[in-house]
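Each in structure tokens, the structures are laid out below.
Look at the two complexes coming up: chain A is in both, with chain B in one and chain C in the other.
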Partner chain A sequence: MTNSWNDIKNADVVLIMGGNAAEAHPCGFKWVVEAKANNGAKLIVVDPRFTRSAAVSDLYAPIRPGTDIAFLSGLMRYLLGNGKIHQEYVKSFTNASYIVKEGFKFEDGLFTGYDESKKNYVDRSTWDYEFDEQGMAKVDETLQNPRCAINLLKAHVERYTPEMVERICGTPKDKFLKVCELIATTANGERSMTSLYALGWTQHTTGAQNIRSMAMIQLLLGNMGIPGGGVNALRGHSNVQGITDFALLSTSTPGYLVLPTEKETTYADYMKSRGFKPIRPGQTSFWQNYGKFFVSQQKSLFGAAATKENDWAYDYLPKFDTAYDVLKMVDMMAGGQMNGLFCQGLNVMMAAPNKAKVQAGLSKLKWLVIIDPLETETAHFWENHGEFNNVDPKAIQTEVFQLPTTAYAEDEGSFTNSSRVIQWHWKAVDGPGESRSDIQIIADLHSRLRALYSKEGGAFPDPIVNTTWNYAKPAHPDPVELLKEINGYALADLPDPADPSKVMLKAGQLLPGFAVMRDDGTTSGACWIYTGVYTEAGNMAMRRDASDPTGLGIHPNWGFSWPANRRILYNRASADPAGKAWSERKKYITWNGSRWVGGDVPDYAPTVAPDKSVGPFIMNQEGTARLFSRTAMPDGPFPEHYEPMDAFIVNPLHPKVTTNPVVRVFAADTKSFGTPDKFPIVATSYRLAEHFHYWTKNVHDNAVVQPEMFVEMGERLAKAKGIKNGDWVEVSSQRGMIKAKASVSKRIRPIMVDGKPCDVVGLPIHYGFIGLTRKSYPLNTLTPPVGDASTNTPEYKAFLVDVKKTTPPASQPAVA
Partner chain B sequence: MSVMQALDLRRRSASSVPAPAAGKPAAVPVAKLIDVSKCIGCKACQTACLEWNQLDQPIGYTDGTYNNPTDLTTASWTVMRYTEYEHGDDLEWLIRKDGCMHCDDPGCLKACPAPGAIVQYTNGIVDFISDNCIGCGYCVKGCPFNIPRISQVTSKAYKCTLCSDRVVVGQAPACAKACPTQAIYFGTKEDMIAHAGKRITDLKSRGYQNAGLYNPPGVNGTHVMYVLQHADKPSLYAGLPDNPQISPLVGIWKGVMKPLSLAAIAFAGAFGLMHYVTKGPNRVTEHDEEKAAEVAGSEKA
Partner chain C sequence: MAVTRRQFMKVSAAGLAASSVGALGFMGAGEGLAAGVRPYRLEKATETRNTCPYCAVACGVLVYSSSEGTKDGKAKVIHIEGDSDNPINRGTLCARGAASLGFANSPNRLQYPMHRKPGSDKFERVSWDFAMERIAKLAKEDRDKNFITKNRDGVTVNRWLTTGFFAGSSCSNEAGYLTYKAIRSTGILALEDQARI
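For the complex of A and B:
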């Protein structure tokens, strides 16, 4: 979240699209209810189904799964065409006026630089600004130049008329326009809209571009950095923000640093592209500090073994050739390229798409280690569970080790929630049986591996034997020790920059913030954005002061919000260029003549005057936010509608380029995609409020309130197929077949797409063959093995199926 | 919101209650307010109810709707009922938390022939006292909302207690505590009516012209009330009675029928005694045991 859960209460309009907050985040949804009850907010829900969120909405619009970019581009067209943008904000705080290179073009569904044979944009050199001799981006503040980013954007979205939106999305034109009108009421400094999304936007081959579309809309409306605004990802686990911050992507290291590629063989090579010099006068360009964060991280990892002479142990880091995400791992397993797999807190048999492929992959492993508090389908993938998991155990030789862990209430540690707030949790009870904490298991594994490498050597034992491991109990590090290590220490006495004769921090003291990190090896810190969470003043994650002096839901002394305890990111943008609040209603951080003041921590040094024209978007070299994204996105500087890989229609915008041209499709999967002649129904998957992923099917009361798998369908489809509520239905895709009970509902509205009826079915993800709920075929039997062009998040939210009435599953035989 | 108070009796089934001691402050009537317009149907209230009351509801099957369990049971004292209401192009998904309404004039209590099996406290809560229940099912007939369920295993009637055990120590009912969206409020009835008024104003401003409070006069009001978007049509909400009344049969039973019935009971007792004297005691056969196990099983499964 750029803002926070609590801040939702300040919104005047709440848009839930690409998520279903009431269903998947019922506790956080209280803030939406709060905004409605006490701030007069209007709730808009755009979703393929009339959801639990829609049940309490003011305005609902249906949409075909996988067409969000068309909808949002239509919305951008509406805002730009009707003058419903926050002009001064857009001019001052975005790259609207920047002049884009002459050669940049978009034609027939492709941006410049595409190589058909490589299925990639190999030459992205035109995806940039014109620069002057000083290396500064050229701008036209009159916005007259047709090459200004905002003019190119206008031209780009011009095709997304309300009629085109209806044709692609199936959203009736009048509903679409009502949504546009309500959203447009926030195009000023007086009112704000918050955007709440989750996996409904990420789990598409255009996932990152879905979110980017909303970021652009919020910029056009001036809704970034202000109370009740922002682009807010509602995270699905209590600590999934934490795992993301600690290198969720295989090509990252903690704190959103980047793992070197195999082409960056030296530290100097690696840093060459990480200078991040400002490209507009006077800008902060905060990533200029990259080296300080990197060196501190290396010192944290390797301690005394990381020296200036060995480039801070740069050679210890793995250099990647390609991304090793879960899809890639499954592909390698299925291709016989992997021997073993550690599955820690992941039920890959349910969580990765195309169950048949996952099953085949796990069956080819020599060993599989399960580290989990619960019995999972993955741990039992080799068991025959009748038609729900019809395998021959004799034919599977994989050796499975189950290491039971404690669950969250059985150990202490920290959680980072969607608001970026790090909160400590305390142990309530001992774990059952032989369970041990994840930390203990990994620590034990490390010490055994380290002993082996110390004794036997090997090709390159250095990174393992030199890993910093100075915990009081090496086999059982204390979570407190770990949080301190994450925060970081001074490794030598640090002089005060204001008066070098004074010592600011003594060696061994905890760092007060990332601003004191250095690239000379005198500071350590595992994840720079977390620095400040555990200081000499104590464990900030343990703070539980609920006071809120401004009444804006900031709660500055509750836990610690990264970075720097900032609750709303880009909050400089809550004031106009002169530092005055856009409006009294949305007053947040303002310039009082000598300082930035307000209830939150300002984006940059509080004494930098607004006349220095330092932009709020300090992580960009421009200091402004990007309507045109330069080369950051692999599928283009502007979002574009592409059909899901299981395409329901030929793309009416560019029939030759129907799907995202840069998605990665493995050779083994080229025949894995369905076509509408065989699979004429659009399917989407989702979670239910009654369950949490694949966990709570093990809990009696959760199983009581949603006991069994079902498939939701509209009345039009049910009638055509002769299906009644509660009938057994076969749902098939190019990947496989499942059976589920029919749930016939008015809540899936009959829509028309490109002139033909489009029927949507919805399938919950929770049910499997382990647990207390009724045994079921895992839903991922149906889903396609392909991911987002940017992140490779699997496309679970839009695929093609067929449905027909069928017989109940045979009663399953006893476990093999 | 704390309404800590002693659970003094106001009414007791098939018996009379002594007048409260002079000088003792009267308990304040309490109420639970369920704001249907804020309810997302997450069923946190259902699981909270199961947990607080330590109820063992068996895992069932889906019937193709979100109603799970599909009806109130002896263990599920509250269930969500989902209604898809289509009007013109628009759709509403009306989600009502069903359970005992705690009528101020409780038909169950009035119908109950077992002394002290149903009581009403001075704060308005209507409670079933299992030890005194004879499982006759008259409360089911007396209830205008079809709430009590009779166990085939224990032959007792069960329903929501409004967490009288929590209320007595100043806590809100478990469902209100668990509700993530504050769709369930608990407090004095007066405060709840005032709060409902604000919610109704908000709903009217959003175009729900017939928004209103459900506090039906036919049972002298209830201690569980709803804020409804369409208060003119309560029956839209999964058959919530438009104008609930205690069945006239209850009045007949209490008036004309009562002496006759008592005579019948006395006769039955005398007949039973004669039967015992002439035929000896009843024996439980193996068949009876099997049948009982079957019934217990079906209630569990």
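For the complex of A and C:
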């Protein structure tokens, strides 16, 4: 989230699209209700189903799953075509006026530089600005040049007329235009809109571009950096934000730094493409500090073993050739290229697409280690559960370990919530039986490996035996020690930059913030965005002062919000170029003549005057936000509608390029995709208010209120198929078949898509063959093994199926 | 003034005795009533501030634990409710969070390290030491055999591709960081969390 949960109350318009906050995030949704009740806010919901969010909306519009970019591009066309953009904001704070290279084009569904044989944009050199001799991007402040980013955007979205939106999305034109009109009321600095989304936007082959479309809309409206604005991802697990921040991901390192590729053979090579230089006069380009963050991180990881002479232990880091994400891992397992796997609280048997492939992959492993507080399908993948998991244990040679862990109430530490607020929790009781904390288990594993490598040697022992492990109890580090290590220390006396004769920080003191980090090995800090969370003043994550001096829902002394305790990101943009609030209603951070003041922490040094023209978007080399994204996205500088891989129609915009042209499909999966002649119904997966992922099927109360798998379908489809509420239904896709109870509802209405009727069914994700709920076929039996072109997030939200009435599963009673 | 529910009962009972009921000749009825009321069970419980384990709204919760009446004398969680001091949820919990006591005490919580031998149709209980020693040995064997020091072009890559790690997204930041540190030091690249799925 760029803004916070509490900040939602400041919104005048709330758009829920790509999520269902009322059911998936009920206590966060409270702030939507607050905005409606006390700020006169209007709620818009765009969703294939009439969800509980929709039930309390002021305006609901249906949409076919997987067509959000068409809808949002149509919205951009409306805003640009009707002058409903915040002109001064767009001109000052975005790259609207930047001149794009002459060679850049979009034709027949493809941007410049595509290589058909490689299924990739091999030449992205035209996806950039024109530069002058000083290396500065050329701009046309008058916006007259047809190559200005905003003019190219206008031309790009021109095809998305309300009629085209209706044709692709199935959203009736009048509903679509009503949504446009209401959203357009926020294009002025007086009113703001917040966008709330979740996996409904990410789990598509165009997932990242869905979100980018909304970011562009919020920029056109001037809604970034202001109260009640922003692009807000409502995230899933209690600490998925923190675990992402700490880069438990294939090609990242903590704090959104990037692991080196195998082409970057030395630290100097690696840094060549990192320390981005500003490309507009006077800009900051915050990533110029990259080296400070990277070196400090290496000092945290490897301590004294990371020296200037060995490039800060650069060779201790693995160098990647390709991303080893979940889809790749399952593909490698199924191809017999993996021997061992650890599953720490991740039930991959349910969570990865194409269950049959996951099952085959796990069966080929030599060993599997489950680290979890609960029973999972993954731990029992080798067990026969009748038709729900029909395997022969004797044929599966995988050795399996199941290690019991404590859970939240049984250990202490910090979680980072969806809006980046780090909050400490305290231990209430010991875990059950012999369960141990994740910290203890990992420390044990590392200690044993370290001892073995110290004693016996082996393949490249250096990083293992030199990892910093100076904890009071090496087999059981204290979370407080770890949070301090994450924050970082001064490793030598650090001079005060203002007066080098004075010592600013003594060796061994905790760093007050990332601004003091250095690239000479005299500071440590594992994750620069967290620096400031544990200072000499104490553990900021433990702060519990709920006061809110401005009344804007900032709560500056509750926990610690990364980075730098900033609650709204890009808040410099809440003021005009001169530093004056765009409006009294949305006043947040302003320039008082000598400093930036307000209830939040400003984006950059509080004394940098507005006439220095440092832009609010300091993470970009431009200092401005990008309507044209240069080469940041692998599937193009502008979002474009591509059909899901299970395509319901031929793409009317460019029939030869129906689906995302740069999507990654493994050789083993080329025949995994369905077509509407065999599978004529569009399916989407969703979550229930009563369940959390695959956990709460182990919780009695939740299992009672939502006991079994079902398929939600509209009345027309049910009638056409002779299905009544409660009947057993076979749902099949190109990947497999499941059985589910029919839930015939008015919440999904048929829509017209490209001249033909389109029925949508919804399938909850929660059920499996382990738990207190009734045994069910896992939903991922049906889902396609393909991910987003940018992030490799699986396409769970739009795929094709067929349904027919069937008999109950063998182990189920005929009458429930 | 902080008044617990039990104190409130006592005060009420005293008031009752001195007023209408007492005046009607039922002296002692109030005390009798107060003595008959079971003490509020949370009064003796320990209150611990925690965060709901489910979604990333990260609602504040109060976890109440007590060893009263447990078979092994160990404290267990007996009640969970929303933390009204938390500015985000202000005491509210959803259908999942409100039932999270059932997660803490689920019959499907794992208790002991278990081991399934190749081809077996059951898990068998083992000691932590057995499990961890065997896992470390298997991991080292695989790493030593398949670790790639240099790629085909002779470039140092120091990676281990034949073992993967799925990281838990409900682990604390501290556990997550320690996991990152331990796993990255082995050269594992197949590292993934719940951010995509």
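As a convention for this text, the second predicted complex is superposed on the first by the 810 of 816 C-alpha atoms of A that agree within 3 Å, B and C clash if a C-alpha of one lies under 4 Å from a C-alpha of the other, contacts with A are read in each partner's own complex, and residues count from 1 in each chain.
Keep this in mind: a residue touches a chain if its C-beta (ideal position, glycine included) is under 8 Å from a C-beta of that chain, and two chains touch if they have at least 3 such contacts.
Computed from a predicted structure; not experimentally measured.
Participant: Scan A:Arg585 for contacts with chain B and chain C and give back first, second, both or neither.
Facilitator: neither
Participant: With both complexes overlaid on chain A, does A:Ser53 touch chain B (first), chain C (second), both or neither?
Facilitator: The answer is first: A:Ser53 touches chain B but not chain C.
Participant: Give one of first, second, both or neither to describe whether A:Gly726 is in contact with chain B, with chain C, with both, or with none.
Facilitator: After superposing on A, A:Gly726 lies in contact with chain B but is clear of chain C.
Participant: For the three-chain arrangement built by superposition, which of chain B and chain C touches the greater number of chain A residues?
Facilitator: After superposing on chain A, more of chain A is contacted by C.
Participant: After the superposition on A, what does A:Lys746 contact: first (chain B), second (chain C), both or neither?
Facilitator: first
Participant: First (chain B), second (chain C), both or neither: which does A:Asn702 touch?
Facilitator: After superposing on A, A:Asn702 lies in contact with both chain B and chain C.
Participant: Is A:Ala689 in contact with chain B, with chain C, with both, or with neither (first, second, both, neither)?
Facilitator: Both partners, chain B and chain C.
Participant: I'd like to know which partner A:Leu772 touches here: chain B for first, chain C for second, both or neither.
Facilitator: both
Participant: Quick one: is A:Lys178 in contact with chain B, with chain C, with both, or with neither? Answer first, second, both or neither.
Facilitator: The answer is neither, since A:Lys178 touches no partner chain.
Participant: Applying the touch criterion given at the start, work out whether A:Arg716 contacts chain B, chain C, both or neither, answering first, second, both or neither.
Facilitator: Neither partner.
Participant: Show which residues of chain A both chain B and chain C reach, each in its own complex.
Facilitator: 26-27, 30, 689-690, 700-702, 705, 772
Participant: Could you pull out which chain C residues touch chain A in their complex?
Facilitator: Of all residues in chain C, those touching chain A are 46, 48-60, 63-65, 74-77, 80, 82, 85-90, 92-97, 99-100, 102-104, 106-121, 123, 128, 131-140, 142-144, 146-147, 149, 151, 155-182, 184-197.
Participant: Show which residues of chain B lie in contact with chain A when the two form their complex.
Facilitator: Interface residues on the chain B side: 37-44, 46-47, 50-51, 57-66, 68-69, 76, 84, 86, 91-95, 180-183, 199, 202, 205-206.
Participant: Give every residue of chain A touching chain B within the complex, in rising order.
Facilitator: Touch residues, chain A against chain B: 22-23, 26-27, 29-30, 33, 36-37, 40, 50, 52-56, 58, 60, 689-690, 700-710, 725-727, 741-747, 749, 772-774.
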